[in-house]
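Here come two complexes built around chain A, the first alongside chain B, the second alongside chain C.
Up next, the complex of A and B:
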């Protein structure tokens, strides 16, 4: 039966069918990859741009980034602390969703945007301590409505940054100081070690 | 396969299909399947993604082991031992680890319930109505007709109920637990009273001994404080350089403890006391000293014949004693749970006197009282439980409050606790789980789980007085309420003397009132100037204990001159075999509702999820019984059925069964699984009122059915010798 199938595939109609098949698989795969790059649908269409432009600091809502591995998501208490004093909360249809969550004491089920696999132990604190800003990795949140990921967060991307920041070059060691050079070398060893993130 | 599509083609197409779908789904965004729920109100001391640790006390048994529970975002996720607590020094047993499965158990009683003794449908109540019920039960009954039946833990609730009972003139609360029954605690403290003149718990310094002779004491399993004994045992074995402690176990079946021993002496049940005395005499003779009066009348050769052990074995053990610096003999378990149990316990304590180890390193001491304890309150003996049952039968108990114990399951059914409940007009249970007793009650007013509770527990055996503190590690999962709070609220509502007896705002205020005498004690594990700071430290460290040992030495004067005659125990029934029920080392008396413990193989037989009957392969061969044959074990009191496990390490004239399974209620994992061996025990007490649970003879009958026991070990090879 397979033999007949192959014969048919070699006929003109068969070739067209193979082409259509291959195109549909390719386009489905492309669509799959495309969706990974889209911001997921969130239970509340939270506007990062409005909040950041109003002057709310990232660490106000995500204080864990300064202290621990996870930046954390703000509690509903924190949302409501401000919003209960804002007149628009009672009128805006977008904010009605928040009101519903708070008043019914329901937890908001957020969908994570920036995520690494379970076998990667990513910690925010050392990155903030190294002087990185939130937007270095997460993009300029004052310009996005619903949170989205500005880049693919894979190992190459991590390592590129770890290597750039520990390279013994003019940028990192302008005076060509041997002490700084040794330090950079040691840092590079640590920051490119597998066990640093995979343990 | 049809002619159009061969099997090979089908597989090719299926593989191609699977590969395509894998490629397509692999491209999908994984993040879409993940949801994250932040707190609605986050406690201020919690950090996202970081664990919070709480020190508390294990409630799986009454040993008062300290725990440190790791919590993450308000959920308890891992239990470890509290390294500061002197009882367990950072260790836990399997039951302690599994306490989380009690917390998250799907069968917990979630609301106050009008149970109606299991007849008809149970209905939920609210707590106001529940407190009203308790208040009326207290107020509308004569105090002398109110009975409180408590478990061996927690101690703070026992103190509260004792204070209440004392103030209103009700009988003192009765404490009971299956473990205390199998440990024969009443016999141990009575033996101490007879020999030392002081009713107390003897303390055996296993850690510093170099030769331990254990007469049935299964101290590495469930006996009194197994984690602390296991720690001490490890110290005895390898804690001292160049000297490894030696360990001999006298027991008719090889228990987990016996399996760890250097020598296991399978003597005839009921002869342990005689063997102890014989060793005492042989030691005196080997040392060439005068034989003390207690041992004079004993003929070691005669004892060896009676006990079915070789005289050379006893002489060899006596020589071990002579050669050791710190010999120690420990009585317990099946040796004491006999009709001659009290005399046996006294004989073993007298043997220690002969060793000259009273109050010496590696010897026998008297355990100190707990830090805020007035006197030693031992759990009730089964005979005292029978007195309560008679009282119930005579209509002298109008309301029975039950907390922390499951007598319907734990007491032999022959005592008739369940049947006697009908004579009690009102039975109120505070059970966390729907156990047999709770199901047979009028109301269940569920207490929190131990990890959601405040409290304290005193260490029973510890060189220093220890008060292990408990605090909630998470908010209560269900609509449960602390029994102490329920009683306080009910007493306030009842007014008058009840309100005066418990003048506290809540449970925590009561606990603070019991801690306040300890504030400022200079020998405490921490110092605090006032009660609030003391309470804060108490929570932080998981309790309070004295720094210095407070063991006292027993007075040995009477021990060697007293006439001791343990004789051979009497056995009830006409059966062919001695019956030895023992507490399952993994499940204990109340672990059957936790799948982790069910799944944990028994340390000696590797059986999981069931009850088995241990039988010597030779005996089984004679009776035509094989592995996994279901047999009926019959005593004069009744019969149970279970599958046979051929166990080479048991005397051919002994049948053993683990206690812990055979529940008829207690949730989906426990109910309807295995058999309960206490239900074939007939009621005979020893002189101290403890049940002679190992003093029953049974017959075994093959039923013709088979049930394959789930076990870790293979069946091939082990019993090869039986194949002709």
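Up next, the complex of A and C:
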């Protein structure tokens, strides 16, 4: 029985069958990986590129990033503040979704794309205070249509930046000042400490 | 055969570094044993209720417990003087016995805050640390006590419990097989440090109040910087009434107990 099967597999027909099988497994795996890399479907197909190119600041809709841990996602009232003054809001079919949310007073349940696991306590404020721009981590949103995450946000990625920015080297301490060196060392201790993010 | 692996070396550098950063003082004469600290701690830190059965197995979970020390019972009941209470939490030892025994470095020492950490996502649940803790301050999650599935809400999952709304978002919800213990409310320490930094100043004395100290109606618990000689906690610890638990073991705990009247 088994011998017969092997003989059939070695025949031209069998080889084609093996090839088709291998290809289908490979393409299923590729499709699986592809689906994990897709941005999630949002309740409103909000175009980041249009809004950023119109000159809306990141902090206008995500103001919590400046002072708090979480930047926050805008409510429908925030959208309506501008959109009620725009004539296109009444005509565009894409904006009818927003009108529906506002008129029925439904909360917009945005799907966050840049997330860290539950056991990581990330705070936006210190990162903004350290002079980082939004696009350093979140990418250039003026080229992104529906919100997507450009980074794999894992611990190695966090620590690489923390180590680079606190290394006692020519870039961070050009004059080889012992005071700056001590400060960098203290920062490095804090920024590579487990308890800074995991608690 | 030589190896290039750099293994961490555990040395007792305790005599050299007695400084410390955060410390606590518990006044046993003021403590009435009301258990408010236990309740507040469980609420603040998402410590689960394990239920009767698991409690009977000795799997109760408390980051702080109130020990009762009966005094004067040796004669007869008329001679009973008083019950002395001793709230006991992780002592945040400088020379901690739990740390060197962890095979996966989940029990590590925070170099910046100088307290003991438990890194939940690293912990594999060998329970060596709890067995090596002379204060029995560590507790183990024998089950998933909190039905926590990220992303689920009452809308899409009927088994979702409304009680999940009581969870503190600043503290990780621990899962089964993970060791945990008192963190000196590190989330409050970070919050105070963050606020102070955004206002360009140092953390004020008394700005960080752990949940147990906040809830204590008798103000028996004081918390603050022990490296600042002017802080409330340093002054309280300096009095002759102070003592450290199991001091002879050289664990150098950061909690000082006051007892013996004024």
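Following the convention adopted for this analysis, the second predicted complex is superposed on the first by the 166 of 199 C-alpha atoms of A that agree within 3 Å, B and C clash if a C-alpha of one lies under 4 Å from a C-alpha of the other, contacts with A are read in each partner's own complex, and residues count from 1 in each chain.
Note that a residue touches a chain if its C-beta (ideal position, glycine included) is under 8 Å from a C-beta of that chain, and two chains touch if they have at least 3 such contacts.
These figures come from a predicted structure and were not determined experimentally.
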{"item": "Touched partner set for A:112, first chain B, second chain C, both or neither", "value": "first"}
{"item": "Touched partner set for A:67, first chain B, second chain C, both or neither", "value": "both"}
{"item": "Partner chain(s) touched by A:196 [first = chain B, second = chain C, both, neither]", "value": "second"}
{"item": "Partner chain(s) touched by A:104 [first = chain B, second = chain C, both, neither]", "value": "neither"}
{"item": "Chain A residues touched by each partner, larger count belonging to chain B or chain C", "value": "B"}
{"item": "First, second, both or neither for A:28, with chain B first and chain C second", "value": "first"}
{"item": "Partner chain(s) touched by A:75 [first = chain B, second = chain C, both, neither]", "value": "first"}
{"item": "First (chain B), second (chain C), both or neither touched by A:85", "value": "neither"}
{"item": "First (chain B), second (chain C), both or neither touched by A:126", "value": "second"}
{"item": "Contact residues common to both interfaces of chain A (with chain B and with chain C)", "value": "67, 117"}
{"item": "Touching residues (chain side chain A, partner chain C) in the complex", "value": "67, 117-119, 121, 123, 125-126, 129, 186, 189-190, 193-196, 198-199"}
{"item": "Contacting residues of chain A [partner chain B, same complex]", "value": "1-2, 25, 28-29, 31-33, 35-36, 40, 63-64, 67-77, 105, 107-113, 115, 117"}
{"item": "Chain A-touching residues of chain B, taken from the complex the two chains share", "value": "4-6, 9, 12, 20, 23-32, 34-42, 47-50"}
{"item": "Contacting residues of chain C [partner chain A, same complex]", "value": "108, 110-113, 115, 117, 119-121, 148, 150, 170-173, 183, 186-187, 190, 194, 197-198"}
